[in-house]
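The structures come next, written out as structure tokens.
Look for subunit A in each of the two complexes below; its partner is subunit B in the first and subunit C in the second.
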Partner chain A sequence: MKGAATAQAQEWRLALPLALFFALFFVAPLLLLIWISFQADRQMTGSLGLAQYAAFLADRLNLQVLIDTLLLGAKATLLCLIGGYPLAWLYTRVSARLQALLIFLIILPIITSVVVRTFAWIVILGRRGMVNEAIMALGLSSQPLHLLFSETGIVIVLTQVQMPLMVLPLITALQRIDPNLTSASLALGAGAWRTFFKITLPLSLPGVIAGIILAYTACVSAFVTQSLIGGSRLLYMPMLIFQQAMDLQNWPFAAAASMLFTISVLLIVGLLVALSRSRAARLYG
Partner chain B sequence: MRTSIDWEALSLKAVFGLIALVTLFVLVAPTLVILVLSFTGEEALQFPPASYSLRWYLALIDANELRDAFIISIKVAAITTLVSVVLAVAAALAIARSRSAFARALETLFMSPLILPALAFGFATLMMFSLAGLRPSIMTLSIGHVVVCVPFVLRTTLASLAQLDPALIDCSTSLGASLAYTFRRITLPLISRGIISGGFIAFMASFDNVPVSLFLQDTRTQVLPIYLWDIIQNQLDSRAASACGVIVIMTIILMVTMERVAGLSRFMK
Partner chain C sequence: MSYNFTRRGLLAGTAAAAGMALIPQRGFAADELVAATFGGTWANVQKQVLAPYFTKRSGATVVQSPMLATEQIAKLTAAKGGQVPFDVAMLDEGPALEAIDAGLIAPYDAAKSPNFVILHPQFKGEYGPAITMQAIGIAYNPKTVKTPPMSWADLWKPEYKGRVGITSLASTLGLAFLLDINRLEGGNEASMDKAFAKLKTLLPNLAAVSANFGAHGALFQQGEIDIGVQNFNFAEELKAKGVPIEFVRVSTGTPAWKTTMHVVKGALKPDLAYAYIDSQLAPEVQSAMQKSPWNVIPTSSKVPYEGLVASKIAKDPADLDKMVFFDWKKVNQGRAAWTQQFNREIRL
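The block that comes next holds the complex of A and B.
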């Protein structure tokens, strides 16, 4: 018994190196970020205040960038869910060999570099790209559409780039559902759609929420996709922070913008977590 | 007797099946486009290319800046993976079996870089290093990368530890094996697939990282994804296509290998 207790005590110490590393290089920088965001003036003379936050929030343009970014994430995440749920559903209904192939195709994009994937989309969505050629060949439009450098384009690309983050937790959630429950529902006379909306979907909600959180946080901070597909005309929070920090060297303002952006994202994540807890409480008592 | 068709079940299967296939097509298409495009024989990037050749792959041989960026990225990814694996595996061993609130809080802390906007973290780290008088180097890049890559290794290692039967450890120690010996001969072999998978994901995440590298690199230590981002944004050089082709081929080969060696896909779910 005593041996087990010492073993436990020794095991504890194994977390220390990482805890120390995180304290130094994760927690400390974030604390510094908070402190600098409260600097009253740009030269960081030491006087503290809410001047940077006020400056950000007072400018309608900045506020619009923040709202645009949060909405962009919501649109792309919704599209991920609509496209990803059926794919996860399909995965749970095919043979093991097909599953192996499917999971490979789902994971490949997430392992492949984001720059590479976004580059492919520039060629696909360009004025003389595949999509426009197809649209014009089908006679849907006489002019090439401006997909590149448009919000629609960014939403499409973000959906593809972040899709695996949505599909993977959905697969896990769907595999956990007891197949007897759907069989029982069908045997008792509920149709396939009703069974889906009353049994499968509610039981897979933990996976839905996990997928939404992962895809949403990735979409709003997807610097590469936003800047390459959006070009210089569309501005989102990551690029705004980067420009303020590096091009204008305005650290306090960039820090306040980072804080507002991070807090907004964390609030949304917190809301989703609370939502999933309340749903789980209602489902499982 | 009349055979009735369950139209409702059929309609659900049709709708879900159709959307799933469209999603799958959209997921795979960009990778195929890059592979085909990288063999273009033309000056301008157009899909499908009018002719095919290896000229842009051959052009990579003299692309010195590209090669330098590639080497820096590989170095940073290797250091990041090594440090992440050592730190995260040790931490996973400490918190996996504990039910205490403190252990859960630590786990949340270690996983939080996944959720926080990486760009804000990169900027915060830049300010700290800069105030401490540290200039951008491979070391500063690696430190930043370790923080964002640790969650991947931690997650896969915790997943494989959860499947490890604690009785095996108890057996080994009660039969007189030391903790170190037990770890080396029992625990490590049983969780190695999780560690390898996590290490691989961390390597690829570091190799691909832009938001943190943006702040922690300088012109001497430019990493590959930022170099590519730059040439795609500014000149759309056709060498970008062959460089992306190389990355795609390398990724596919590594992924197939990792699937064989460590059952990678089980740890991604």
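The block that comes next holds the complex of A and C.
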């Protein structure tokens, strides 16, 4: 038995290759990024300081862009949740054959290329696109609606594109719920809605929060969708960083902007994780 | 058959697989050149005309990687002190000056390039030859725009409310348009305030401000915009494909700039790089590229202007000198501030 115990104690070593990989290709570049963000001038002559951070925070436009980006993510994530929850719930209620079909439909957005997908949306949302043709044919509006190059358009596309990231964790969470609990609630006289809000929803919260975190981080950083559907008159953090890094070759400023963006998103994710912990503690603790 | 997995064997195999991925792919093919090109028309024409000519001449193959000029500079800067990611750069005038200042490209040795001497004098650069001129004007949809536009001022006409398209300053097209508006408003490269004031009055007419040149082209095809700024070559290529589009030069003078090719400093295969650039200067290549649908303006004195280039742009090189040019050195100094100003002014 002693040998098994030693083997178990050494199991952590299985994670070493991946840890090494992460250290080399994720942690090291991240440290480099942090280092560059403290460079005081564009030519990176080596003098360090907080000049780039000060420059970013001093301009109200930059702050507005940061806030817009965080809000854009919130809007799209909320729509993902509203649309995704019933879908995930449906998945747990249908036959295995239908489940296979549903899961294929759910992951379809992930398996098409992001560029192809975005250009397809340009065709759908355009002035002469399917949506506007339908609206005008039905007489709902005499003028084509402005869907492309608007935040509404970006939110619609992000919702479709990031939906799987919301639905998959939700399915896992909903499947883990013991069906007897709902039956018991119904048998004890609670209505369907009360059962949902008192039993199903609280028990699925870990999945909801996992889905929100995944969908949110993907939405705020969706460079291709934001710039192609939004155009240049809508500016979000990924484009702002790209402009500074690629168009203007101002790497220190781009690095500082990236750091502030990362920190903001991490704060929101941290808040959500803390929320789920306290929830879980109350439910299971 | 039995597989015998041992820990050591598995580890070695994994390490080998990981190691393979790390070896730069270009290390394998001895006679392969990596060259940058632009997206769109350029990627097509260089693939169809230049690549086969180069292969026939040198026996080597070429990988043409479409990249924006600014992207090329970013990649070369990142590779400084190490192995360069490509040997031939292709740049517009502004970025070319930046690359020279940053020491990213090598002086061009004319002795290694027999076709260099037959270029028109204004196209012989110390750091590399100009392979064409890019000229811009107004493109419009003749089905929806009945009276052909004459000048930039037509973009401001009330009847084009919500139908005009321009690009951001990330593309030279957008930048040259703004510079020309500035010039016509009486400004110069020292300050763009006059252009921005004028641009603000264009906002009601704008249907789209594309983030880049590629996205801009697609808007004409989809009927998203009916009129807007456009490159001569690109508009004519779309027209040849059957898209309802017409290109006109503006009456106030055609803004234009040179597009150049360079051997990258520290190039892995400098001889192939010279052969490639020299192929682009060859009269056969340039006259093939001047044909429709490409309509690339030639820079070699051995290629007379023909077709659409002659009828729409220039009868001879002297006509090119009458175009509108900008001081790209000053433009480079102002670009960062203007980009921020552009973000601010046109924001919804």
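Some observations on this one:
In this text, the second predicted complex is superposed on the first by the 266 of 285 C-alpha atoms of A that agree within 3 Å, B and C clash if a C-alpha of one lies under 4 Å from a C-alpha of the other, contacts with A are read in each partner's own complex, and residues count from 1 in each chain.
Criterion: contacts are C-beta pairs under 8 Å (C-beta built on N, C-alpha and C of every residue); 3 or more make two chains touch, one makes a residue touch a chain.
Just so we're clear, the structure is a prediction, and the values are computed from it rather than from any experiment.
In the three-chain model built by superposing on subunit A, subunit B clashes with subunit C. Once the two complexes are overlaid on the shared chain, A:228 sits against subunit B and subunit C alike. In the superposition on chain A, no contact is made by A:197 with either subunit B or subunit C.
When the two complexes are overlaid on their common chain A, residue A:119 makes contact with subunit B and with subunit C alike.
Once the two complexes are overlaid on the shared chain, A:172 sits against subunit B while remaining clear of subunit C. Contacts of A:249 after superposition: subunit C is touched, whereas subunit B is not reached. In the superposition on chain A, contact of A:12 is made with subunit B only, not with subunit C. Number of subunit A residues touched is higher for B, counting subunit B against subunit C. Judged by the document's definition of touching, subunit A residues 17, 21, 119, 122-123, 128-129, 227-228, 245-246 lie at the interface with subunit B and also at the interface with subunit C. Subunit B makes touch with subunit A in their complex at residues 6, 8-9, 11-13, 15-20, 22-24, 26-31, 33-34, 37, 45-47, 86-88, 90-91, 93-95, 97-98, 103, 106, 109-110, 113-121, 123-128, 131, 143-144, 146-147, 150, 173, 179, 201, 204, 207-208, 210-211, 214-215, 225, 228-229, 232-233, 236, 240-241, 244, 247-248, 251-252, 254-255, 259, 264-265, 268-269. Note for the complex: subunit C touches subunit A at residues 14, 18, 68, 70-71, 73-74, 77, 98, 167-170, 206-212, 215, 218, 222-224, 335-336, 339-340, 342-344, 346-348. Residues of subunit A that touch subunit B in their complex: 3, 7-8, 10-15, 17-19, 21-22, 25-30, 32-33, 36, 82-84, 86-87, 89-90, 100, 102-124, 128-130, 159-160, 163-164, 168-169, 171-172, 191-193, 196, 213-214, 217, 220-221, 223-224, 227-228, 237-238, 241-242, 245-246, 251, 254-255, 258-259, 261-262, 265-266, 269. Residues 17, 21, 59, 61, 119, 122-123, 126-129, 148-151, 227-228, 230-235, 239-240, 243, 245-250 of subunit A touch subunit C in their complex.
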